Structures are given as C-alpha cells and as structure tokens.
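Listed next: structures, encoded as structure tokens.
The following pair of complexes shares a single chain, chain A, combined with chain B in the former and chain C in the latter.
On to the complex of A and B.
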C-alpha cells in the first residue's frame, strides 16, 4: 500500500507542477491587480509605487522564480486585499466546502443507489420512467437558476426555509439540494445501467433459481458487483462538485473555497487564487487515493493485481 | 455495502456538530445589514473604500470633519472649528473629552499619529492614494486639543480633505494593515468571523447622542436577488444596494442618487472626433429620455456635467443636450463638407457590469449613432482591459474611440473630478484646452464663492466649447429597507451607512 501511494504521489507531483505553471501564467494574463486595488483616480506615480511594492513590475520569469522559491518554502504569499497570508484564507474556507461536499456526496450516493436499483429492477416500468425523467431534468437545469428560484419559492413565497447563510440545519437544505441535483441525476443513471447488466448476469439467475428474495438479489448480489462503476463515477462527481460549489457558495453566501476563489479571481488576488487551486488539487489527489483504496475493499480481484 | 454505509455514516457524524443550530433571531433594536461583498479589510485608513466605509465609517471610526451630502457643506465632527493661518497652514480645534474604544484619549497626538499612519507609504491606504497623492502634509500638536497642519502646496479645501481622514487609536500598528479598527465612534467592533459576519455593538461612552440601534450584524451575499429576498423575508433589515430589477416593492425599496455619473468619453484627439461638430452631433443624437425607464431606471436624471448637484462647483444652469437627430445630421453634413472623415469607423468601448444594463446601454447608443449616419463598432471589455484604456498614455495608433465610463464624486468638491477628467495633464483627459486649464488651475487655488464660480465656469466651458463627452445620467441606486425601520438612503449611502441615522417605527 505504501509503495502504491508513493507511486501515485510521484505521478501527481508532475500534475501539480504543471498546474502551478498554468495557474500562475493564466492568472497574470488577465492583468495585474493595481488598477483594481487602487481607486480609479489614483495618479500614475502611485500606481507605479504600488506595483513595485508588490513586485508586479518585475519580468514574468522573475515573478515566477520568486513564487516557486516561496512555495518550496511553504510560503504561499500574502493576499494583498485581505492583508493576511493567502493560505490562511484558503484553509479557513476549505472546511466549509468539505462539509458541503461530504454531505452532498453521501446523499447523492444513498439516493442514486436506491433509485437506480429500483429503476433497474423493472426497466421501462412506471417507477423507472418517472425517476429517469425527474433526475435527468434536474441534472440539466442550470444550478444558478435553480438556486435563485428555490430561494424565491421556499424562502420568500412559502417562508419555509432561510434564504441563505450558514447556521442551523435548515440553512443546509437549499444549498445541499441545489448541489445534489447534478451528481444525483448522473449517478442514478449509472447505477441503473450497471444494475441492469448485473441483474441479467448468470450469478443472479442462479440466486433466483435458489429462491433468494428480490431484496437480497438486488441489494446483495447485484449491487455489490455494480458498485465499482458507481465509485468511479462518484469520484469524478466529487471533483466536479468544486464547480457546483462556486455557484452554490456564491448564491447562498457560504464562506467556502468556491466563494473565495471567485472573489480572488475577480480582484486578481493571485496569491489567493494559487493557494485555493493548490489546496483543491491536493484534496482531489487525496480523494483519488481513497477511491483506489475503496476499489480494493469492494473488489477482491483488484487486491491481487 | 455495510462498510460503505459505515463510512458514509461516519462522515455524516463528523460533519454533524457544525450543522446543528447556532442561529439566533435578533432582538428588536438589533439589525442585520446585508452587503454585496465582504470587506477585505477593516483598516481605518481604508474607510474611503465603499465596502469598508459602509461598515466602519462614522460607526467605528470618525472623521475630523463631515460633508453634508445634500449640499456639500462641511460640518464639525471630531474637529469643532478650524481656520486658515496662511496659504500653507491650517489650525484645527479638536473635540474635548472624547475617548477611543481602548480607553486612550482622543487628542492632538492621536490625530498626528492617525495622519502619519494614513500617509505612511509602506502600506496601501486608499485615503492617502486617493486624496493626498501629490502633497506632503505635516501635523504639529499645538496643545492637547489643537493641531496645526502644514502643506507644501496651498490646500484651500483642507477642511474638505479632513472629511476623509479618520482618527484611530495610537495602539493601531504602524506600517502594517490591521484587522481591528479602534476608533471613537458610537459602535465598536465586537466580532469578525471572516467569510461569515461582522458584528458592531453600541458603546456606552460615546461623546454624542446615543443611537437607537444596539447591535448591527453585517453579512454579505453577492446576488442582488438573494439580498432583496433576505429583507423581504425578514432575515435582514437593510440591503444598501439592490439591482433595479429587484426593486419591485415601493413600500420597501427607495431610490437614491448614488453620486455616480455616467458618460461616454469622446477621444477628441483623433479624427473625426477631433471636430467639435461631430462631438456635438453625438450629443444631439443621444435620446436620453428614451433610455430612461427602459435601459436605465426611470429615477435617473439626465446630466450635463460630470458631478452631481450638491458638489461644490456643480453648475445648475447647464442643461443636457436635447434629442435632435435632424440637428445631428446637419452638423455631420457640415463637418463632412469641411473635410472631416465622418465615414471612418468609430469604436465604442463598453464594459460589462459597469452598471445595471451597461451592455444594453452601449448597444442602444450604437444604434442611435448609426441612425444619424456614423459608423460605430462595439467592443465590450472586462475590468482589467477597460482600466488600461481609461488611463494615459493612450495608444498612438488608436482608432477614434467613445469610452463608456462612470464616475463617483461624493467628497463635496469638483476638484476630485475636474482635474483628472478634463485638465490637459489629467490622467484620463482626452482634451487639451489652455483656457480650460487656466480656469481649473485658478479654481484649485481659490476658496469660497470664487472657487465655486470658477468651477461652474469650467463646467460650462466643458459642456459648450470643448464637448469631450456625451454626458448621460446622474445614476441612482436602490436600497431595500425592512418596514420596521425608519431609514432613508441618501447620496452618502454608496460610501457609508451611519447606524446612528437608523430608527425604528
């Protein structure tokens, strides 16, 4: 296992370096933050002094060299807008997104397995058709629009839920609901498809012949064998949640990493953008290892290879 | 499967404690304010930034003088009176018996410290960059409650400038941005949970009248629809700025002149725009009334100069150009006859999200100018690119350009607008008119009635002789206020939100 993790780590390091280079230069192609930080009427000499103080006037390769040097020393730079270390800002925001993602993924897995399995039991039946329609429609609607409409319906018109913010368990319902829609729709379809395959296989026929109950056939024999695909897709979807989190956190005012990233990008607060991306990339790296680990638990065949 | 379930349940248990309620409904004299963005910093020397000022200016930290937003008059605040000793020297008397929230006394030494920290070049204080850019200013305490300011150039409007300088405790660190403002205001910073909320609490030993609001919680949501929904559902009490399409309920939504003025800057150096007839034609071809209530909100006021009424130097006699496409066509014909290449393509540079419907507004203007026979190409820009085009040096080989812009001056005096926008040396100016320069320079050195008259004359010259822009509108903002509050937004609402002005019904 250790050797395996080291190997994976080595591969990921390359991806990390590539990502660093990409983010560094892409961010700087969009202009420097001097104009966005200083007031519109600030005279030219003030602009030059500002750029000098923060090193924006140095040639790009010098800035990049400085950055790499600092990162290797675990210094991720200062947020010029917040006046504190960029990594502090990112680490403060990260747990919020992590919690949001964990709760969403847990619910997405639970409901996709439940709905997908039941749909697969009678493909083309009433339940299957309704479930497919609802989940696919949901997954196709733009989440930004869904979020605003949900607030207007549930909070303003019906007065059932708080509009936004964190706090009580009620505050979680709308953001998690909106974030859930897309992975749920996709994963339900994946579960359904792989379950249809599994239910047609010979071991299920054998189990049926032996007189096993429907529940036992679906949830024990077939499901365990189709879980592998589900876990793979779930991993993809978990990474994609970061995108959803940008929208959901901005609309609902959650101080997570998506929210932080979007405001940092708007302000050209490079250090914060870089810190957020590094942290997110690291989280996805850890998650991939966990998924590989999960494979070995679900499928004994993987363990020997 | 069972293991997977266990794993998931484990995750849920870890996440659970943070899900459980910690939400409390506010008592009746506590209010919640929902802003557009979280202030990045709360450093007193950044209180001229609107997102910082809306929280702390005049609430936590106070200025020496205060500008009355309605008429531009200067009122005492922490300074009680002032006089000019000579061209370069002013003396300010300070209010006695005032204390900072940390118990230290407010006196001449504290003012000196505040000013030195604000002007410190090792930190990026907006107040310094915006208002004290080109000057050196030294403060010398005369006594505990009197201070003398000396400048290297005459500063006839120093009392106005002191409306931007806030007093902070000498415990505020020098040379480093602070996240803990300590001021003299009626409220002190009680809590700041980054990303979530800022809480201000009323102090008991404020020198002035006791305000009615006991506690103010600031939160932020970037979507206007969400902010409006929060006030409608009672979760928040004031949203200082909501979009026009969300301001649908007249019992909660109030419009206010937000001190912004929109215009198209005309690049008067490049043919055909170097011909004043073409610039006039653009003005006559602009249907301002037609855009009111459609693309712009119906409360905006058509403008003829780049400062709002109430700013010293605003000329009340100037009238916006009427919509007269026939006259525009005639002027263009005349220009063409004189050899001006009016067939040359003109670029109209717009900026996304400069103000509500800013994209639609340049599209409409493009159509209006093409209707009178000009060739106009639209080019939309993002903030960073737009800023590059705003400032000199302008590219030598540029096309003739119309540039969408809006400008905010709520500091009481035309000097903050007119030099940078219209003086030949101004960083954003496209004209070079020696007569106008003379007027602007002379006004900058004058005080009182004379200053006002000179600026008014300058605006008249800009409007009638130079015509370097298509002035559009004095813009409005919308504030949504919970019905339980007694509060009306003013022209100052863009940059500050004085809790002491909030009452309850």
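On to the complex of A and C.
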C-alpha cells in the first residue's frame, strides 16, 4: 500500500514540477517577460527598471534558479494592481473556491448515487429515459450560458435570488446549481452503469432469493460497490470542477480564485495569474494524494498490492 | 461496418436521424453562411436598434432581434457558426490525428518511450484544461491557430491512451504475428495493420469529443481568451450580450441556445454512433430497446 501511495504521489509531484517549469518557460518564450507583467501602455523606462529589478536580463539558468528559489520561498512577486504579494491575493481567494467545489462535489455524489441507482433499477424504464435525457442535455449546455439564463429567470424576472456576490444561503443556490450540472450528469451515468453490473451479480441474486426488499438490495448491497466508482470519478472530476468554477465565479461575481485569475488576465497582471495557476496545481496535487489514500481505504484489492 | 448498413440503421432511429440532419444542416450553414450573410451581420441599422425577437417588420433577418447597433442576431449567429464549428472541428482533427499516431507509437514501442509518453499524458490530464488553455493563450496571444493547438493538446491524452490500449491488444493477434513473420517492417505494421483497426474506436471517441471541444472553445471565448472581436463566435456573442441582460435578453440567449442545440445533437449522434459501432450493442438499435445505454 505504501508503495502504491508513493508511486502515485510521485506521479502527481512530477506533474506539479512539470507545470512549474512550463509556466517559467512559457513566460520566457515570448521573448520579453516584461510585456506579460506590465500593462501594455507602460512607459519604456518603467519597463527597463522592471526588467532590471527582476533580473530578466540575466542568463536563462540564473533566471530559472531564481524562479525556483522564489517558489520555494513562496515568493511569487508583487501584484501590480493590488499592491500586495501575488500569493496573498491567491491565498485569499482560495477558500471561496474550495468551499464552492466541496459543496458541489458533495451534492453531486449524493444525487448521482440516488438518480443513478434508481435508473439502474429499471434500465430503459420511464425514470431511466427521463434521467438520461436530462443528463445528456446537461452535458451539452454551456455552463456560462446556463448561469446567465438562470440569472435572467430567477433574479431578473422572478426576483427570487440574488444576481451575484456571496453572503447568505440564497447566494449559493445558483452558482452551486450551475456548477453541479456537468459532474452530476457524468457521475450519474457512471453510477448507473456500475449499478446495472452490480444488480446482475450473484450476491444480489442471493440477497433476492433470501427475500430482501428492493430498497435493501439497491441501497445496501449494490450501492457499496458503486461507491468505489463514484470516488474514482469524483477524483477525475475535481480538475474539471476547477474549469467550471472559473466560469461560475466570473458570472456570479464570486471572489474566488477563478474570478481572480480572469480579472488578473484582463488587467495583464501576470504575477497573480502565475500564483493562481501554481496554487491550483498544488491544491490538485494534494487532492490527488488524498483520493489515492481514500481509494486504498475503500478497495481492499489496492491495499494488498 | 459498411457505410450503407450504417445509414439504414440511422433511418430507423428517429432521434439520431434528427440529430444527424441538424448536424449536416449546421455544417452547411457554417460553410456557406458567412458568404451569404457576411454583409448583413455587420450592417448597422440604427432604426432597428435593439429590435425585439419575433417581429419581422424590418425583414426576416430580424426574427431573433437585433443588438444595440441594429445588427441582425440571426445573421450574426450564422456568420459566427463558421468560427465556432471550425475551431472545434480543427482541434478535434488535430488531437485525433496526433493522439492516434502517438498512441500507436507508444503501444508498439513499449519501453522508455512509452513510459515518457504516458506520463506526459498523465500530466496533461491532471491539470484543469481551461486553466491550461487560459494561461497559454494569455502568453502566446489568442489567435485561432493557437486556440486550435491548445484545445487539441488538452484532449490529446484521451486519444493517446485509447490508441495505445488498442494497439497493445491488436499486436497480440495472429494476423499481426503472421505479417511480422512475413517480414513486415514496423512502419508497415503500424500503418497497414494496426491503424485501420484503431481508427473506428478513435472516431467514436472523436464524435463524443466534438461537443466537448465546442463547449471549451465557447467558454474560452466567453472569458475573453478565445477569438477576438471583430471576429465572432457564439461564445463571444453570449459574452457581449451579457452586459445587456436587463434590457435585451435575446442578445445572450440565442447564441447560447445555438451552442446547446448543436452540442446536444452532436452528443446524441455520437451516442448512437458508439452503439452502432459496437456489434454487441447494435442489436439493441434494431429492437428499439435502450438507445441511451
């Protein structure tokens, strides 16, 4: 088991290090990184001073060494527009995104298990067909547009929910609802498929022969096995969830890391963009390790290898 | 399976047939639309400013309303379809082609090269594709070619993994061993014997990926890191319409609906295509059983 964890952890770490290097070289590939860090209309003397201060004139390996040194010291440079370290801005926004993602993931797991199990119980039945039509439509809907239409209907026309910002519980409904669509559809399909497999297995037949009720069979016997697939897919979905969070935070004006990154991109504040990317990569790295760990706990087959 | 047999199967499934007809239609629109309506999409008509949809006093082009400059939304949607569909199709082809080749190479070579390729794919998979695309486009500049390349890279792992897995399985088969015994070189094996068998699987995944890529491109456009104005895509139209949400809902609504309908049809067709390509599942199409398995 430790071997498994170490190997998987090493892989995730490799991915993180690769991203660090990629960000560095991407910024240097354009020729002059000052263009990235400073606004387009920055005067020439300011550019020269900036390049000098950050050592952009030094040889590449010196720059790279300095970059790694800074990263190890959690120094990601100053945000030009916020007048504070870029990492502070990113760390400030991070909990918002994390909360949003966790709440969404929890709901997605709950509902996908519920809907997927009920669909699997009678494949091709009324409930199954409606559910699969809804999930395929959900998978085809652009999330930013759904968010806008939701604002239009629930906030502008009906006046039921706030348009943007965060605070009360009401502020959570639309963003979480929109963010939920993608993972819910996918996870429901996965649960459905694995439940169909589980319901055809011999232990379910045994349980049925012993006179167990349908509810007991679905939610006690078959569900345990599909839990495993849900955890696996939930892990894969975490990265996709960040994609959704960027869009949702932008539309609903949530002060999360996605919103921060998009506004930093629009202001051409590269230090903040870099800090956001690296922080997100680090968070995903940590989460991958946690999921692998959870996996070894749930699946005894992984534990023994 | 033969193309004619496929077509016959398609005629039997109404939903898939409708989706196929729509996809052909929208591709035609993307092909010829901009030539026909290019002028109408940019012509400013201040008298028809912010025209409400479903009123055609100013002509049928205004059936979906107009924006604050009086430009017809319908014409703009038609013109934007070329960029939206073109970028999605371009990145789909690029990732399928490159991914397929790299995957086959990985599957046939084994050893260190395979390890390097697969670990690189793991790295791409483990990071949010939208963030990766955003930062690359921020640095390199958002022109259509860069967008196609970046989107293709984010989808590459899917094809590489599939092609490798298929190639690994196919190379064990007797006819490949026979070809090898007869002196077929690696290149010949890969192109003549492995690739034709890997292709159908890749096409099935590619069909499912089209909608995904279109949604990804739209999200990039919406966030301002896709195609830049004055060029238009559906995602960009939604972004532009967003500021007028209170006064003119139709600006953002119609282009988004176009994205959704196209993605939905692509997904429905892809789902059907997957089943039709699977000999084990194909029977279910004929008996009109579960389509969305």
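Descriptive notes on the structure:
Simple rule for what comes next: the second predicted complex is superposed on the first by the 254 of 305 C-alpha atoms of A that agree within 3 Å, B and C clash if a C-alpha of one lies under 4 Å from a C-alpha of the other, contacts with A are read in each partner's own complex, and residues count from 1 in each chain.
The rule is short, and it goes like this: contacts are C-beta pairs under 8 Å (C-beta built on N, C-alpha and C of every residue); 3 or more make two chains touch, one makes a residue touch a chain.
In this text, all values refer to a predicted model and were calculated from it rather than measured experimentally.
After overlaying the two complexes on the shared chain, residue contacts for A:139 are found with chain C alone; chain B is out of touch. More residues of chain A lie in touch with B than with the remaining chain of the pair chain B and chain C.
In the superposition on chain A, contact is made by A:250 with both chain B and chain C. When the two structures are aligned on the shared chain, A:280 is found in touch with chain C, with no touch to chain B.
When the two structures are aligned on the shared chain, A:152 is found in touch with chain B and with chain C. Judged by the touch definition given at the top, the superposed model places A:37 against chain B, while chain C stays out of reach.
In the superposition on chain A, A:84 makes contact with chain B only, not with chain C. Once the two complexes are laid over each other on the shared chain, residue contacts for A:18 go to chain C alone; chain B is not touched.
Counting contacts as defined above, chain A residues 30, 36, 148, 151-152, 156, 250-251, 266 meet chain B in one complex and chain C in the other.
Across the complex, chain C meets chain A through its residues 119, 122-123, 125-131, 134-136, 138-140, 211, 215, 218-219, 222-225, 235, 238-239, 242, 245-246, 249, 252-253, 256-257, 259-260, 263-264, 266-268, 271, 289-290, 292-293. The touching residues of chain A, when paired with chain B in their complex, are 30-32, 35-46, 49-50, 53, 79-84, 89, 92-93, 95-96, 99, 102-103, 106, 109-110, 148, 151-152, 155-156, 159, 162-169, 171-172, 219-220, 223-224, 227, 250-253, 255, 259-260, 263, 266-268, 294, 297-298. Contact residues of chain B toward chain A in the complex are 1, 3-4, 8, 11-12, 14-15, 18-23, 37-38, 40-41, 43, 48-49, 121-122, 124, 126, 129-130, 133-134, 177, 179, 194-196, 219-223, 225-226, 229-230, 232-233, 235, 382-385, 387-388, 390-392, 407, 416, 420, 427-428. By the touch criterion given at the top, residues 11-12, 14-15, 18-19, 23, 26-27, 29-30, 36, 123-124, 128-129, 132-133, 136-137, 139-145, 148-149, 151-152, 156, 239-240, 242-243, 246-247, 250-251, 261-262, 265-266, 270, 273, 277, 280-281, 284, 288 of chain A touch chain C in their complex.
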